[in-house]
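What follows is a set of structures for review.
Each of the next two complexes has subunit A plus one other chain: subunit B in the first, subunit C in the second.
Right, the complex of A and B next:
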């Protein structure tokens, strides 16, 4: 075994001898990075079924109708919601419900090297579409005909699971803005590395090129709204991965719910103090 | 601002810095705040020391130092700071306007002031006019204020750095 300490992130990486190949008289030793140690610990010390630490805050941007900040491990993002309000372009409006417009943006310094792709690149547009569709299936849009709800998400730091973090963040921001919704929207990633299913894949684990499944669901009814997958996954493993994704969703839900309750209590207490 | 510190091999190789500014919330007076932020960020920048290890067919080879304490810093002590004057009426300007105050006047003057009170940039912003007396008063006021703001910023940055147990807070605290 070769044990190396990464200078960049401080992780201790174990390269284990995977196989010895002999070809044409030459022997080559293939080594692969060990993502899950024998004791069941992952690269950052988590267990297989453990999500990273979550921190969230509501109401960070007083200018918008609703805003929130969501951090899971080193992935950090903020979201702002404006609306429901009068639509900007009358031709976009729908006579019996509101429209949702979503913007997804990653700052240039979100990853370890500076990224130069800006607003209208495909990846961002894709993510924005996914968030929009997720949100449209949960909001009670029929209550606001001919109106518009604008959602803007900014990823400040990226360490895997940005879209899931963005969806959670948007969910909190929508709750802060008072838009009527059926339930919280909670999202989590799950994946498979070395035949072990994992919850909450971070950037280093994505490098293992195993399948990564993103699930956004309504936590109370466990109904899945959005599912997105990268790489290949055998059908027999799909059920387990979905199950883990929903477990991750429940873990996130506990924290989101706690945050919203605390925030509501704070608002209620401040009203009491004003004598209202 | 001295760019001599950015040179690796004179006439051939220089370091390039990319400054990305992300505005999370706009409460007025964007230029000033951004310039303070950029100056503070450049002050906090540390780059690994580059040493030339050899020459390979006319092309120089570089190595970056692996030691996290062996770093180069930028000399931003003389970098300027921007100050915005919003013209309210003839002869009256307001410094550091909030977004409500910005609605009151169409035109503002952004002045770049170095720590030694010299003015290095002047820019008129907005669809309006500004009289020469008002402009002169604004420029004079800026050079005095600029020196003060620069001095205070530097003092605070040095104070932050010298704190032995500074908890590095992530974004937004």
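Right, the complex of A and C next:
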């Protein structure tokens, strides 16, 4: 085994002999980075079925109707919701329900190298579309005809699982804004490395080029709203990956629920103090 | 209600798939019921990506124009287009179904870049499946030209008649299947596959799965809008897996059939077979240039005779031309000249000064002198100064001669190549009508 310290991120990485191939008289020893150690620990010390540490906060942007901050491990993002309010362009409105407009943006300093300015790149647009469609199915839009709900998400730091974090963040912000919803929307990633299914893939583990599945679901009923997959996945592993995704969703749900409850309690207490 | 859809299909029944191939290798049109999609694969030699120096490249591109349906806008990339691009990229590029290392010519210097362009001809539901199938069939059908690499690194590409072209090797055939969901009042979820246009509009959600028969899921896209249980998804994917095998075999069989026919030199049928092939197009270009050269030499002779007669006129014009260098004043010059003779003399002047290639534009002026304003001719003049390659000149000429058909009779020998193409156009339009 080879133990190496990465210069860029400071992680201690173990390179393990994976296989020995002989082809045409030449022997090649294939080594690969060890994503899961023999004791079942991942690169950052988590277990296989553990999500990273989650921290969230509601009501950070006083101007917007609803806002929230969500951090999972080193991935941090904030979301703001404006609405339901009068639609900006009359031609966009629908006569019997509200429309949802969503914007997804990563700041230039979110990754280890500074990204050059690309306002409307396809990746951001795709992510925005996914968030919009997820949210549209959960909000009770028929209560606000001819109105518009604007959602804006910024990823401040990205370490894998940005879209999942964004969906969680948007869910909190919508709750803060008071938009009626059927349930929380919780999202989590799951993946497969070295034939071991994992919950919550971070950036380093994404580099293993294994399949990464993003699942957004309603936690109480375990109904899946959105599913997205990167790379290839074998059929036999599909069930397990979806199961783990739903498990990750439950883990996130506990924390989100806790935060919302605390926030609501604070609001009630501050109202009591005012004598209202 | 009883599990029968509008067009009489069962819930999990597909529409009929037909594939037509064109004259070129790698050109095919797939019809999924009424949905028609055309895919064309072409190749060129480029430098590889620095991070992957011994791998070829593959680029996929989707075009949806208002031809596909009135709901698509011209010029704007619609959501459907983005979705299809994403689908093709993940199914074909990222799934690594194509052996990219086989496309390498010289590591770090030159590799083949395959380019698959998909055009949606008629959008009648389930574009994802159709586009994916079209690209896969086109890739399987495509043969790339044989090459020799010299010691100094130069690459010679042999034409198809010189050496046998090499087929592309698809390791795993990616198949895409779409399932649509509809929720009834009692909460029951109806799942059906291969939605048509009308069904797509009323349906509440779609699940698009890309598989290959080896049991790998290459892409899975399920954007919100419907809430599913895990069992529904599992059911869809199991069903997809069964159908994938059948689909992949069908495509392979059809491609094999066409390649066999090609060996027996059977001409492909249908409008796709009438589309002009690559070789034919290149031959037309060369024929056209040869014809042009002969015209130029005859015109040159004619004008030279006239020049001997009108010596003074020439000198006056030459003087004025020397004074002003920009094209605006040249415009005025031409404006003043109504006389055909003077115009030809002016042309002669141009020829004497400029190089031979610009003669093509004088040809243009003579051909179009009956027709439009002189202003438009000057636009060509401007163009000629900026791009001096004979290729572009000829293509503009082709374009011009296509529209004012009455003027094309002016120069008779040019018509040999032009009329051929215009005949092709007419035949194409007739066949599309018949279709």
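Criterion: the second predicted complex is superposed on the first by the 269 of 276 C-alpha atoms of A that agree within 3 Å, B and C clash if a C-alpha of one lies under 4 Å from a C-alpha of the other, contacts with A are read in each partner's own complex, and residues count from 1 in each chain.
In this section, a residue touches a chain if its C-beta (ideal position, glycine included) is under 8 Å from a C-beta of that chain, and two chains touch if they have at least 3 such contacts.
No experiment lies behind these values; they were computed from the predicted model shown.
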Practice task
Go through the superposed model and pick first if A:38 touches only subunit B, second if only subunit C, both, or neither.
Solution key: neither
Handout entry: Touched partner set for A:272, first subunit B, second subunit C, both or neither
Key = neither
Practice task
Pick one for A:157: touches subunit B only (first), subunit C only (second), both, or neither.
Solution key: first
Practice task
Look at the residues of subunit A and decide whether subunit B or subunit C touches more of them.
Solution key: C
Problem - Partner chain(s) touched by A:76 [first = subunit B, second = subunit C, both, neither] - result: first
Practice task
Have a look at where A:133 lands relative to subunit B and subunit C in the superposition and call it first, second, both or neither.
Solution key: second
Exercise for the section: Could you tell me if A:238 is touching subunit B, subunit C, both of them or neither one (first, second, both, neither)? Expected result: second
Exercise for the section: State whether A:96 touches subunit B only (first), subunit C only (second), both chains, or neither. Expected result: neither
Handout entry: Which of subunit B and subunit C A:107 touches, first, second, both or neither
Key = first
Handout entry: Set intersection of subunit A contacts, subunit C complex versus subunit B complex
Key = none
Fill in the blank from the handout: Note: in the complex, subunit B contacts subunit A through residues 18, 20, 22, 24-27, 66, 170-172
Problem - Contacting residues of subunit A [partner subunit C, same complex] - result: 122, 125-126, 129-130, 133-137, 211, 213, 216, 218, 221-236, 238-239, 242-243, 246
Fill in the blank from the handout: Interface with subunit B, subunit A side, in the complex: residues 7, 60-63, 69, 71, 76, 78, 107-109, 114, 154, 156-157
Practice task
Show which residues of subunit C lie in contact with subunit A when the two form their complex.
Solution key: 79, 82, 85-86, 90, 94-95, 205, 211, 215-230, 233-234, 237, 241
